[in-house]
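The next block holds one structure in the form of structure tokens; read it before the comments.
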Amino acid sequence: MHKPLDGLFLSTREHIDEEEQRIVNTVRQWADREILAKRLTYLEHYEQEFAGKRGMLLMEIGLQRLALSEENGGFGWNSKASAPCLAAVLMEIGRADAATAYMSALQFTTILASGADGTSPIDTLISRFYSTDKPVNPALILPGPGSQDEQTPLFFGRSINARLVHEGDSAILFGKNMRPAGCGALADHFCVVCADSAGKPWIAFVPADAQGIQRGNILQETGLNACANADITFQHVRLPREATLEGKETVEGLYLWLNLFLGATSVGAAMNFFEIVYDWANTRTIKGGSLMKENPLCASVLADVAEEIAIARFLTDDLARLIAMTASPNGPELQNVYTFAQIVGYRVQQGAMRAVNRGLELMGSAGYAREWHAEKHWRDIKTIQSYLCGVGAEVPVKMDTARFFFDCREI
Amino acid sequence: MKSIDDFSRPEEYISPLDKHFRSVVRAWVDKDVMPHRREYDEDWKEHTLIEPAFDNLMANRGLGIQKALFPADLGGWGLGQSDYAFTIACTLAEEVGRADTAMAVAFMVTYWPLTTILVEPHVNRRLAAEFAPMFCKSDKAVFAALAMTEPQGGADIENMELLGGKTIKTTARLDGDEWIINGHKLWPTNTGGVGQLFGVPCTTRPGSTDPNDFALIFVPADMKGVTQGGPYEKAGMAADKNGDLWFEDVRVPNWYRAHGPGKDAQVFKEIIPWGLVGSMGFLVGAMMNLYEVLYEFVSTRTYGNRPLKENDAIAGLIGRIAGDIEVCRILAYEGARIGDRRNRPYGHPLYSEEVLAKLRNLKDFVCDRAVENFGRAMDVLGVYGPDRQYDIEKHWRDIKIIQLWMGGKQLCQMEAARYFYNCKTL
Amino acid sequence: MKSIDDFSRPEEYISPLDKHFRSVVRAWVDKDVMPHRREYDEDWKEHTLIEPAFDNLMANRGLGIQKALFPADLGGWGLGQSDYAFTIACTLAEEVGRADTAMAVAFMVTYWPLTTILVEPHVNRRLAAEFAPMFCKSDKAVFAALAMTEPQGGADIENMELLGGKTIKTTARLDGDEWIINGHKLWPTNTGGVGQLFGVPCTTRPGSTDPNDFALIFVPADMKGVTQGGPYEKAGMAADKNGDLWFEDVRVPNWYRAHGPGKDAQVFKEIIPWGLVGSMGFLVGAMMNLYEVLYEFVSTRTYGNRPLKENDAIAGLIGRIAGDIEVCRILAYEGARIGDRRNRPYGHPLYSEEVLAKLRNLKDFVCDRAVENFGRAMDVLGVYGPDRQYDIEKHWRDIKIIQLWMGGKQLCQMEAARYFYNCKTL
Amino acid sequence: MHKPLDGLFLSTREHIDEEEQRIVNTVRQWADREILAKRLTYLEHYEQEFAGKRGMLLMEIGLQRLALSEENGGFGWNSKASAPCLAAVLMEIGRADAATAYMSALQFTTILASGADGTSPIDTLISRFYSTDKPVNPALILPGPGSQDEQTPLFFGRSINARLVHEGDSAILFGKNMRPAGCGALADHFCVVCADSAGKPWIAFVPADAQGIQRGNILQETGLNACANADITFQHVRLPREATLEGKETVEGLYLWLNLFLGATSVGAAMNFFEIVYDWANTRTIKGGSLMKENPLCASVLADVAEEIAIARFLTDDLARLIAMTASPNGPELQNVYTFAQIVGYRVQQGAMRAVNRGLELMGSAGYAREWHAEKHWRDIKTIQSYLCGVGAEVPVKMDTARFFFDCREI
């Protein structure tokens, strides 16, 4: 397709300055030249060729240090005010490859959820970890499903399956066969939501080379194939105390960023899906001759595709702006933005998924053949959606929403 | 625990043979398919695991089910004569689809072209006798295919109502007592190397919309000039191979044509109901398996430290999934019965606008519910949703193709609208 | 034009009487209801227009349908003994609901309490004989009501599975050979002044969950101590009056209790399937009328200067509406058949968890489709959608209440989830 | 309910200054004191009491002149930059009474779609018309359904049923039994989309006392009962030429404003519905004793109510901001914003309607009884939604969307 996407999908972004836009544009060029133009090659030789492209993005363009504070050697997109720019960058990466964007989203989430203030010990620790000349593979272990036979501490109903015990200057981490949201098999570090003995939630930053970490077999998963996953066991893993951060608000903050970044990732992937469908609809004929796009029923399906993506992008931008607004003294409260982040996060994934499901309806077997690449977006976005749900589909988010709006106390 | 058999069916429609078929096929599924199906995706090209399972279902050395439609005196089971043919087809589709919808489609599409010559009132004895040995005497699974789709036009061939076959590019020319066939088909189930007999819709006069110029001709795969390409790589449905199929001056005896001018167009229309009822059966089967997996998960995994199913909101959500399965099963069997009413005074012929539109509508409806509910179920499993070990994600990938095939969703919508609103120009 | 009768039904289930009932009721609808129904909303308090129409349907001077359930020897039609009782109920609900669902519910709720004493295998001959003259010999429509809901608790009484009647505040105390009843009910169909006989669920021991303490007692409206309030003003369903009902030391003979300890709780559970099948019939009837109106509109009004139905996108949308009606009709009759299987070896009793859960699920499903499709249809009509002259907006207002009654959507969801997932604590 | 709605439903509004916020607050006070506090009274004596309250809003508070230019004696909220403020005001009115807000929305649409530049003849004409001491009742006649037996000029597929002929300094208007989107029976003026003999669309401003206007009988409609409607016939109605405005862009502009204003109206009504449901859920018990809001299934329905309203409000704010952005030189193009206005407009109505439909599920017969007022919102919003569709439900919007995103030419 030969139209600029920005001219089609409007945005109310007003918080991105020229310098920031330049970085967004650089990432778009990388996407166009390095990935989209060579996509069919990658289909055959994924492993060999693709990893290098991610390296180029993270190292040469420097995205691995984008969200690190200037104090710690980063680009300084480390505040809430950077939310719109970070989201914009992830959309561009997601358009090229959702798995690559997903890993950057986890990186950004790890950094920003840990404060990223340029001064705290954990920020220094994480910054040092990321300031390497190799791509860092991150993994998140979030609260999620519990098991019938055990009572766990909860984060708003979701089971926190990792336990934290503080011993002097150390923190010891336990947890058995926990399922990360992707990347478990290749993670260089884990960002883990865990609970102390009082049940209070914490975040722990865990380098993968720490003693006592076991990984299960590589899992076969629906999508995000570059994010090879495996179950993780922590057996008495000792961390420095400064690798942990306390409090429910910290975890809320993590979800807030995660919803934004995964939303941007899926919207990016969906925009490339739009490009694929655009090309299809502009060349495919039906009913013995007329162009598919000129048939009103097909056009209404095409409209669904565009509409869902447009709305998802709007909502992602809204969430980014809301997060940016919390940086100002009169900004909204965290609990409030947390609720909206959960709502918007789930709606964006749902919208992106609907866009793809609808688009596939028009593509027949081309939607399904690996060759056309449409099916990859479908599998990738679905995987992100399910990961983000954690457990119970949208119910945990619904409970968060009802709790906030209707003052429920027991759900 | 409730069992998958607790979902409602219209009890008054069920064949006396239902129980028997169901139990032997389920035993085969549990023994030959369930233990291996998670590895099928990697077996898409070679069918090293898949082929032996098919042999046990279809061939003489196993259940021998590939002979089911053939008349008993030719070595078959005579189901082509049954008053319950559609209902039994639905049952079989359900039971195999529960394990693997790709396997279900590959196995049942073998019947598909054969329905045109083996099912009352259209039995072509000469062709039945010709092909009976191929299916009834083999110790290997034997696959047939219906080679409809062509490179340009996509679903156009299935859109007979509107286009009357005018876009068909595959030609059949009579030369003495032989048909000479030329053309290029792609994506039929049971191509990619596995098909041994093809039902080939072609035209005897390119561009014509006259039903008399439509021909359905049987072509064994080993005829000179038949070339099968290798299987395509797909997002799912690994047990169903699809590829290109070329016919280059292929010669077959003139009596390999299903029935002749006019009648061929009619029997070709009549295959559509079979495909639609089969599709619904596959989906209901897959959803019954969804229920089994989901039941286990929501009973053993927790939210708020209580089993998921004991949370009222999650119960509401999974209750809707089970409720939809119930609804879809009722509709699938009602669809099957619409087919089985074809020879009854209160029924309609399979080629009638009424049957086609109603079954398109039901298939469209069941597809939507399946796509929706598998997607929801993956989210209920959350981080475990995309994991192949939990068996739902494979179905999720597989069943989407059922929505896309046979002209896809939009063709279903158009046929239903045409029927109910008497539209003239759609 | 296709007719509303082209929507599928499971032909094998249909009563031999179906055609007759359908034609006489449809003739009444077309003559007595259709010409006036647009004025019913303003007639909600007085029923000046509505009452004569009811008389023509229900009373002796008209079709006399209010006697249908009574045994023939007591002057009724004996439908309580029919193998097709549910299926016929569905037919009647459809035909009257097509014109006005409020009228349909008011008329059919008259049967509702009576099913507990007039339908096999629970015929109470003494009570049947007692009330037969009231219904079989009247030249006026006679209405009965089932007085369930109480001020606190909403749907709690319908939630028998969970609460076992422990929240019922209406008491029945035996005093010699009379029951003394005290309590306050509200919102029952056929109150607000029209009810002449009430079936009153009450407790003989407040707070008890023992089914033996549940009593269903018949109370004629003219007994001392019975007070009916005036009708509530509602968003729709004007032909159905609802109001408050007070019982203050009302005395009735002790044999006015439906059956006695234990059995009363069972027959009370058994009324639920009737209500659910009736609800589906009302909705399908209303949707059949939706189809008629919509057909006319999309054929005569244009978009892009062509009839709406000839635009593929609009055809897809209205095709989905027609397709949903088809689906809902199949489900409604399957639901009716689940009821009519009650006395068959492969069926389940009406009070069984299986029947209740499955019918709750189907009713929930059909409600959702109806609410969705009426809403969509109003938008298809656009600026004409809210206009009462186009008849869809009235149904839109009316049918929402069908989703809300009998415990509403969430109770349906919970019962279905409990059944399919064996939930213990919902 | 005793919580401020603003604290619950976040907004990304940044374009409202203090002065503007003061007006919004005044309207809210009017809503709370004059309408919401006295609602049960109005149920019985609507006609007598309610009309006066609208007069208070339009005259004493001055809302009738809010969108008029300062040059023409108005408050000066007459530019695209005022979109967020006007939407905010309409939400407050809609919360009190959708019909009142609807009429203000039609007023604003009439004024702004006609240019409202303070200098053009039509602006002066309209301003003079609105500068009266009585509430002005407006009505719109939009493109919509055509009839089988006639070919009409089209506005993107919708039939334009009124014809315009220019004669010297006059314009003559024709049109038979046209159905306005509400208010036809009581309109003081009509804002009419019409077509000239070449099929080109125009807008005409028609005072109701012009010669040749016939009104049909008052219609019984689902909701917006205060906006009594009737069919309108123009038989050779003569207008001054300056009462007409030319061009497709003018009509696109009209839809743009209409979508925004009706969105704000429905969101406002939905927010009051939220308050009603809040009170219900916080007092109603189920299952023999527990509060409805503490049941997870009911809570998830409550969450749907809040979520749909929150998203609808976000999207309305987004649309308002987009319109405001078109005022700047680098702003997006009209065709683009038109498409988004159509998408957002339809999604907002759909979301508001779903919120109400879900909420009613929990209210049982109280949802249905006039007394609780929930059913009024349900009828009012549905009426707005259907009016806005015009004909063919969302299909015309889908066609607009596909045309813009996929370059369809024939649909």
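To keep things simple, chains are lettered A, B, C and D as they appear, and every chain counts its residues starting from 1.
Please note the rule applied: a contact is a pair of C-beta atoms (placed from the backbone, for glycine too) under 8 Å apart; a residue touches a chain by one contact, two chains touch by 3 or more.
Not measured: the values here are computed from a predicted model.
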Reference chain B; chain at largest CA-centroid distance: D
A-C compared against A-B, more contacting pairs: A-B
Length of the line joining the C-alpha centres of chain B and chain C, rounded to whole Å: 41
Between chain A and chain C, centroid-to-centroid distance (C-alpha), Å: 50
Residues of chain C touching at least two other chains: 299, 311-316, 410, 413-414
Residues of chain A touching at least two other chains: 295-300, 395, 398-399, 411
In the complex, chain B residues that touch chain A: 38, 41, 149, 152-156, 159, 162-163, 166-167, 187, 232-237, 242, 299-305, 307-308, 311, 313-314, 317, 371, 375-376, 378-389, 393, 396-397, 400-401, 403-405, 408-410, 413-414
Parts of chain B lying in touch with chain D, wherever the complex brings them together: 311-316
In the complex with chain C, residue positions of chain D that touch it: 142, 144-148, 151-152, 154, 157-159, 179-181, 219-224, 229, 284-288, 297-298, 301, 353, 357, 360-365, 367-371, 375, 378-379, 382-383, 385-387, 389-396, 398-399, 411
Chain C contact footprint on chain B (complex, rising order): 1-2, 6, 8, 10-13, 291, 295, 298-299, 306, 309-310, 312, 315-316, 318-320, 322-324, 326-327, 330-331, 334, 337-338, 341, 346-347, 354, 358, 361-362, 364-365, 410, 413-414, 416-426
Residues of chain A touching chain C in the complex: 295-300
